[in-house]
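Dropping the structures in below, format is structure tokens.
Here chain A shows up in two complexes: once beside chain B, once beside chain C.
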Partner chain A sequence: MIPQAMPIQLVIPEIVLAGAGCLCLLLGAMKSQAARRSIPYIALLALVVDILLTVFVFKNQTGAGAGLVFGSVTAFARTSALVLGVLLVLANWSQAKPDEEGEYVAMMLFSLAGLLLVAPAENLVLLFSAIELVSIPTYVLVVLSRRNLKALEAGTKYFYLGALSAAILAYGMSFLYGVGGSIDLSTGAESIRAALHGERGPYALSLALLGIGLTLGGLFFKIAAAPLHFYIADVYEGAANGVAGLLGFVPKFAGLLAIFKILSLTGVWYGTTDATFVLIWIAAALSMTLGNILAFRQDNLKRMLAYSGVAHSGYMLVAVLAGPMTGDSGSVSNGLAAVLYYAVIYGIANLACFVILGVLKFRGLPCESLREVGGLLRREPALALLLAVAMLTLMGVPPLPGFWGKLGLFGSALAVAQSGGERSTWLVVLVVVALLNTAIAAAYYLRVVAALLLYEQDETAEADPLLEAQSLGAYICGVLLLIFAVFPSVLMNSSLAATNSVMNAATPQIAQRPAASVVVASQGELNPAKPQLSQR
Partner chain B sequence: MNAGGFSVSLSLLIDPLSVLMTLIITGIGFFIHVYSVGYMSHDEGFARYFSYLNLFVFSMLMLVLGANYILMFVGWEGVGFCSYLLIGFWFGDNANNDAAKKAFVMNRIGDVGFLTGVFLIFITFGSIEYAQVFSSAAAMPAGLAVITTITLLLFIGATGKSAQIPLFTWLPDAMAGPTPVSALIHAATMVTAGIYMIVRSNILFTLAPITMEVITYVGVATALLGAFVAITQNDIKKVLAYSTVSQLGYMFVAVGVGAYSTGMFHLITHAFFKALLFLGAGSVIHAMSGEQDIRKMGGLKKDLPVTYLTFLAGVLAIVGLPPFSGFFSKDEILAKVFEHSTVLAVVMVITFMMTAFYIFRMFFLVFFGVFRGSEKQKSHLHESPAVMTVPLIVLAVLAVAGGFINIPETLFGHHALANFLEPVLRPSLAIIFSEEPSHATEYMLMAIAIAGTLVMFAVAYSRYLTNAHVPAASEKEQSFLYRLSSRKGYIDEFYDMIIRKPLDWISSVLNDVFDKNIFDRIVNSVGELVIAGSGAARLLQTGKLGFYLFIMVAGITAILFLNFMF
Partner chain C sequence: MQVPVTGDFTPIALLILGVIALAGVIALATHLIGPQRSGDTKMATYESGMEPIGDARRRFNVRFYLVAVLFIVFDVELIFLYPWATVAGSYHEAKAANAAWANELAATGHTPLYLLGVIMVFFVLLLVGFIYEWQKGIFKWD
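Here is the complex of A and B:
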């Protein structure tokens, strides 16, 4: 199949980002100090221009071509990625060596551009390329971010393991191509679903299972879900704080979007594939439990946050199982919206934690272990309170946005369970596991909060009254968290609205699920709504 | 507001009863606010004080203006909460916090009854809107068990809020708050919420004769006990607090015998003269640099002329000498009670006499005789500023003239207040048919009451002025009755023994046996399990790349295995 020609204006934001990245590379190679100093400003400018473009010009833009399908979910993903991008640039301000500033900033922009492309990619090759465009710059970033052996080691490990995961992903996708007969997701979906149902014989079934299993495995690596989470603590610890904050959002968000796309091929949301359901169920339960248990006794804050990231991936997989199609359209019953919302909130809160640690480090204050941040309230009251807010968000204390997010994640699973079906018991069990895990997690988050606010530390370091770009980033994170705490509906409604088209496409299927023969010709970008199971 | 099939409208009800209550709350509330500007001027919590006080006024208006029981409950809880905040206003002293907690807990006990009553109303009538409840109730026969239960539950709520037996002990302790608060919340408005609630639900209570009897006897007992305890109190605010308990008892007696408008009448006059007495006491305390013990006062009329004169108006009103306001409302109660039962009327007359005695005792000890305080206090004595005395004067005028709103026919009046409230009470009046007592009876009752008051005036005069008696400090010289009174009838000790100690015992047993040995162990072992698991799982994180690659491949294999298994 020859891809349609793509209207170029659809990808202007991505072009702007990539162009700005190239410009940064060029400027970084110049000798002039002024040119180099302008690099982060150029990145910020590009991001802000992109945000304005997305919000005002491309707001309701839809269209398709060359394997890309644009719609409301892409708009949501774009906006949130770009806003987080601004925060990331601020967080990584003057992190790199002066002569590496160009590469450093360019890598961030390239990675973000990859994320922007994952959302609209509706074609296996494009999806793979976009995901790798997200990942490869991150390997570089880990190495560039710090000037010690630890970063080099972390980057190398990350690269090797990432390369392996890319191989696995590509391998899995090749099977999917083989079974589906097309690199186009929507074209191949029907055949893959039929194969998974065993309607095309055992051979096609095993190929399809291989394809789905390997692809999801590769993507689990991106979101650091168990059992492919092993790299995460070493990498987070080795990388600079700003980069660790980036790793908690950009690859994770990309991976989750891709998982949705792959799952929409399987019909798991219509109760048609048991294997995928069990696979994700176990990955979710294992990620939550293992992540929390590993984080539980960590004294090193970066490692603790890394493991807690594994647990958060597990939470999000709960809502992935709930999927975009549930009974009523209330704010807690749409799994896709819940994941989009939570990924952004998690990204902000996680970034806030790392930025604050980064600011402390930048000011020459110790910040690696729990003991070192003890009594921070006395030395840096603003930063300590921000860190506490971020930790409590991760913990999910109402009314902070983490609570609303978890409500959405687990509520969507319960809503699906309530609508009946043979798997509802399993979903309820998974939610119970998730809630128990939230309780375990509360212990280690609260320990940090307690250390920040209660412990005393005699030594007083002199506070730097300057508002550096990094602490500006931290404050913006905090303000965003508080805004979403007071007005949780702002972001939630936009994530719901973004998924409306997918929901609407999916809803008719619920009533007629037993028949499973209705063909809905929908151009929804994630296309979970096409269980065109022919009754042969 | 909707919750499932249950909906509550946020509607307000304006009728003679709520207008009357609103006027009391805003009118007296206004003067107490003005007074507070002076009284609290030296306090560092000035802004906090007024925000609480305004929140209280809001809640109280919500209570009386709501058109259904849920809105009333919102206000009911709101005033309780503000009362808690204001009693514990000076939270630096732990005794104040204890008093605040006591008030709150006692009120919560009452609230359980009130809320259960509201639930039962909803179950019985299918609505909590006054209009629907009362119109369906009016069609019901008297004496139904369910109505009796509802009204008894509501009355439990009233005993908490309005400080009746058995839940009255919080009110004297509530005097820990600033004096204007005592005047507004703990004399004029909040504590009368129970009366308001009963008058508002009059048709329900009228249909429950058993409840009415209970209310009457509880009211009489509270009136008597409050007056009895007030006789020996030496703290000026405590005297007034027990007096309030006693006067609230009068009101309950009135509504208990079905004389709702009489209860409201006494509520109004009491609001005037008790607010006046409290504010006057506040002015005295202000002049005495915070001293509240009447044994250390004396002869203050020279230095505080305005306070003295206005306080005198309040005294004459509360003891019920004509033509002051208390005379009319009190005698109306007496007449109604006499109709109901002669024995209760005798008890009421005795209560009136006790009231006269303790009021004159306090009055003489404070304003007459010689000054018994320290030299420093003496040099500091001063009349309060105008911002405080003007409200006193206004309230004094009201306390003197307030009775004229409901002059009985015996004294050539027209029962103006009763006629004003008639629309609200009409369904009840149709059921309670009472004939007016003969004019001769009424004259006789008035004469008895006035004579009793005058006798007590004479006794107090001879004891505290002629003989210049000052209450002794040590308990040894006191008789049993005196101690019973001064120790507040040992009620607090009694509650402590029958409620607090058994509860303490049960909770310590539960704590030691169940909590520590069973539940704590379960919870702790979960935590220990997680810690142990954490230690084990960390061993896998070796940091070796080859090992990670191996684990990754193993993970993928496991995924594929799972995928093929199911």
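Here is the complex of A and C:
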């Protein structure tokens, strides 16, 4: 069976990004100063062109081929990744060493192109390659971002552990291929689900469990969920602030999209409490609790944000467990829409925190500890307020978008619990754990906000006047957060609309429970694609 | 296309058993019927090679890693090109002879232009890497 050829016209945004990346790489290797100075502008231009293409030309375009399936979720992921991409380029405007600008920007563009390919990837090989295209440039970025031993150490750690997680991921996927009999996710889903329900004997069951467990383990590393979160604080601390902001969005978003794809192979959303359910449940509870406790103990703000990222992965796993086919169309969304929304909001707020910390200098050095930002309101009122808004968004204070995101995440889980079944108790317990954790998290976020706004001290950090682009990026992040605070429905409705097709296609079948024919091909395209498959 | 998990692995089991048996027989035969001579030359690490000097773990020039990277790049290129060339090269003939695989390729949109385009993308990416390396001066050895 030969798959359909790649629909070239559908992947133009990805081609533009990768092409711009190649161009930046070549310009960076040239001797001319002018060529090198144009590199970030080229990256910005490519991203803006891509956003225009996605919003105006590719908005409602669907199609499939060569293992890529484009749908409404793909369009949402594309748009949000590209908009965040503009902010990331601004946040990483200047580099530690001028003759490495080409590599630096190119790696960022390649990583984003990988993220754009994770969303439509519908077979195991493509999914793995796309995830590695996201990850490998980030290892390089961590090393390139700063001129010191800490960055080198962070990059080396990240690279070796990342390579290990890639091996685990590939190993798990090989079992899934063995059990499913196809690298195509929608073709293999039925046999994998049958194997997981024990309908194909203990041998197939153990192989399927091994496959799902290892694959999810590899992806947990990408989103830094416990117990695979151990690298995160050292990597965030060693990397420059712009890169740390990138690590909070690009690999995390890619990993969450991939987790949804892998879970669509299992019956976890159809009301069973099988091993997959237990695995995700434990990872979610552990990530939230460990992340918050560790973040609470940090004095260094970058390490604190890193561990709070672990906690946020845990919150998002709650909605992952709820799945894409529940909830009404009101503010309590389905799990997939909630995760898409929250990942974007978290990405913006996290990036804002890191960029502002990068712009601030204390005695000429980058500002990292809580003490150094104390009393910032008197010195840099705009940046201090922005940082406070970003911290409060991460905390989830009501008018800010973080609150609506958390409402969606936990609401979707409660909506599933309401429909009854053996797992509803466990979901309610998980939401209670999440709410307790939100309260713990408030303690350390408020500590920073209080230091920023209430303290007074003689010597405090100040903004570096040379970092104009970074400041601009921080202000845009702040404006976006305020827009989503005043009009929370803008982004939320688009994430809901994007996932509607997935939800509607799957919901009627929930009542009947896991008739083995219920195949959730992905969040992108549902079973309607199946008749076509048998025709091929 | 479903591949059953419990397939017929008898040939593989036979192969494994055969390999183990053959290895055992060879080891035993060498021990039993091989000539048993000894001497300075016979006891050397490499009987007909160079005399080993010093520790194997010594420093070597870090630039060798670039040679290794380049080697892998062009090695992979060749491995990748070979199956492509086999398919693309016999595509027209096979299609004229109405071979099933060629017809299926054509039906799924793999036109000759598409096949050429795909490999050209690969070449352009490789070329970008090559120009980058060249500009960075890694082909100069001094």
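Here is the rule we use: the second predicted complex is superposed on the first by the 494 of 536 C-alpha atoms of A that agree within 3 Å, B and C clash if a C-alpha of one lies under 4 Å from a C-alpha of the other, contacts with A are read in each partner's own complex, and residues count from 1 in each chain.
Simple rule for what comes next: a residue touches a chain if its C-beta (ideal position, glycine included) is under 8 Å from a C-beta of that chain, and two chains touch if they have at least 3 such contacts.
Every value quoted in this text rests on a predicted model; they were computed, and no experiment measured them.
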Chain B versus chain C as contact partner of A:Y139, first or second or both or neither: neither
Partner chain(s) touched by A:Y231 [first = chain B, second = chain C, both, neither]: first
Which superposed partner A:Y342 touches (first chain B, second chain C, both, neither): neither
Touched partner set for A:M30, first chain B, second chain C, both or neither: second
First, second, both or neither for A:V278, with chain B first and chain C second: first
If touched residues of chain A are counted for chain B and for chain C, the larger one: B
First (chain B), second (chain C), both or neither touched by A:L210: first
First (chain B), second (chain C), both or neither touched by A:F58: neither
Partner chain(s) touched by A:S182 [first = chain B, second = chain C, both, neither]: second
First (chain B), second (chain C), both or neither touched by A:Y160: first
Overlap of the chain B and chain C footprints on chain A, listed as residue numbers: none
Contacting residues of chain C [partner chain A, same complex]: 1-6, 101, 104-105, 108-111, 114, 117-118, 124-125, 128, 131-132, 135-136
Complex contacts: residues of chain A adjacent to chain C: 1-6, 8, 22, 25-26, 29-30, 65, 178-179, 181-182, 187, 191, 195, 200-201, 203-204, 207, 536
Chain A residues within the chain B interface of the complex: 156-157, 160-161, 164-165, 168, 206, 209-210, 212-214, 216-217, 220-221, 226-228, 230-231, 233-234, 274-279, 282-283, 290, 292-294, 296-297, 440, 443
Chain B residues touching chain A - in the complex, by the definition given at the top: 527, 530-531, 533-535, 537-538, 540-541, 543, 545, 548-549, 551-556, 558-560, 562-566
